Amino acid sequence: MVWIQKELQLPRFGKGFHAITRHIVEALPELKSIRVGLLHIFIQHTSASLTINEAADPDVADDLHQVFDRLAPEDLPYRHTVEGRDDMPAHVKTTLSDCSLIVPVRNGRLALGTWQGIFLCEHRRNNSGRHLILTLYGEKEPT
Amino acid sequence: MVWIQKELQLPRFGKGFHAITRHIVEALPELKSIRVGLLHIFIQHTSASLTINEAADPDVADDLHQVFDRLAPEDLPYRHTVEGRDDMPAHVKTTLSDCSLIVPVRNGRLALGTWQGIFLCEHRRNNSGRHLILTLYGEKEPT
Amino acid sequence: MVWIQKELQLPRFGKGFHAITRHIVEALPELKSIRVGLLHIFIQHTSASLTINEAADPDVADDLHQVFDRLAPEDLPYRHTVEGRDDMPAHVKTTLSDCSLIVPVRNGRLALGTWQGIFLCEHRRNNSGRHLILTLYGEKEPT
């Protein structure tokens, strides 16, 4: 049984949905040695979140971004407004999507479907880059 | 420590929410031998998703289906339209629900609450059946 | 490898979002002995759910509560109405948020971000308190 836990500081992204599968895989060369296991990805923030969705056509990310703005608009009568107009909508969007993901690992690779990619959902216009905790656990290849 | 990972091809379901607890339990006879553990259920698609909700009254699934159509209507000005009018709404609904679930396992059974069932949320009118990856891990009964 | 699975009966909370990080940590003194691992929190109900969000300003919980009422209003033409006007909206809100959470554990503590707290999302006006299953698994400190 292997347990690997790492922190990953993402580069700063603008407000929107951004594919980060590559950032995660590059941070985990140990993936290659896992025969069967799981990868847990956790974001330590409440105004950015995670999702798995279609990564082939970048229009999907743009459309998701637009619909999330529509589901949690900035002009509702929020009480929590001290951190800016986009802050409370960011908290709503975080609960509507995910603060953690688990992806199966098989034969040294993430077992994502053909069209699936991992996305950072950045809900704030201003932010200083987001912090993930990656926890990889499973069984190694027999040697 | 036991790790069991399996693929499960579901039968084709129409657009809507469909209880699939039985399909999952029947695919995992190994469940019976796990004293304490977890079951991870992952869907390798971006236009169908998973949720746990009330499985006793089939009206609940129908109502969830209707509300999801309302939250992500087909007539929004989406950019990603090449795969049909129900495709981009399907991606939105996938992010609003779940692409993976984890259920506790105890004494050889899924520790679901009395009213809980596992649902496939099928968001497309046309599809060719969905593919799950089941990862069961935990400790066996002492023998 | 350590596996600890416990049931936790929460006190009765009114309809709304309620921080329960303290209840969970107090139920798990074993957390302190885990060097690296994960905590899975599962709610065995379909009209209450879980989320991780900002726990510093109580206005955030109130705003989340209001927005969820807006996303799943009581006056839609639901079929499933026998359990009261707030029941079917509760099922919708459960699918929009989470029925389970996984939090990384590091050096004997939950690795939550500075502003993150664990919330019970109580969607019913009348309820008799909610039941969680906590599954903590990981590696102990070397002794």
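Labels for the chains are A, B and C, by order of writing; each one numbers its residues from 1.
As a working rule, a residue touches a chain if its C-beta (ideal position, glycine included) is under 8 Å from a C-beta of that chain, and two chains touch if they have at least 3 such contacts.
The structure displayed is predicted, hence computed values, not measured ones.
Asker: What is the Cα-based rotation angle between copies chain A and chain C, on a 0 to 180° scale and rounded to a multiple of 5?
Answerer: It is a rotation of 120 degrees, to the nearest 5.
Asker: In terms of residue numbering, is the interface formed by chain B and chain C classified as same (over half shared) or different (under half shared)?
Answerer: Comparing the two copies, chain B and chain C contact each other through largely different residue numbers, since under half are shared.
Asker: Distance-wise, how many Å sit between the C-alpha centres of chain B and chain C, to the nearest whole number?
Answerer: About 20 Å, centre to centre.
Asker: Quick one: which residues in chain C touch 2 or more of the other chains?
Answerer: 1, 71, 96, 98, 102
Asker: Would you tell me which residues of chain A are touching chain B in their complex?
Answerer: 1, 36-38, 51-54, 57, 59-60, 62-64, 66-67, 70-71, 96-98, 101-104, 106, 111-116, 138-139
Asker: Would you pull the chain A residues touching chain C in the complex into a rising list?
Answerer: 1, 3, 5, 40, 42-47, 71-72, 76, 78-80, 82, 88, 91-92, 94-96, 98-100, 102, 131, 133, 135, 137
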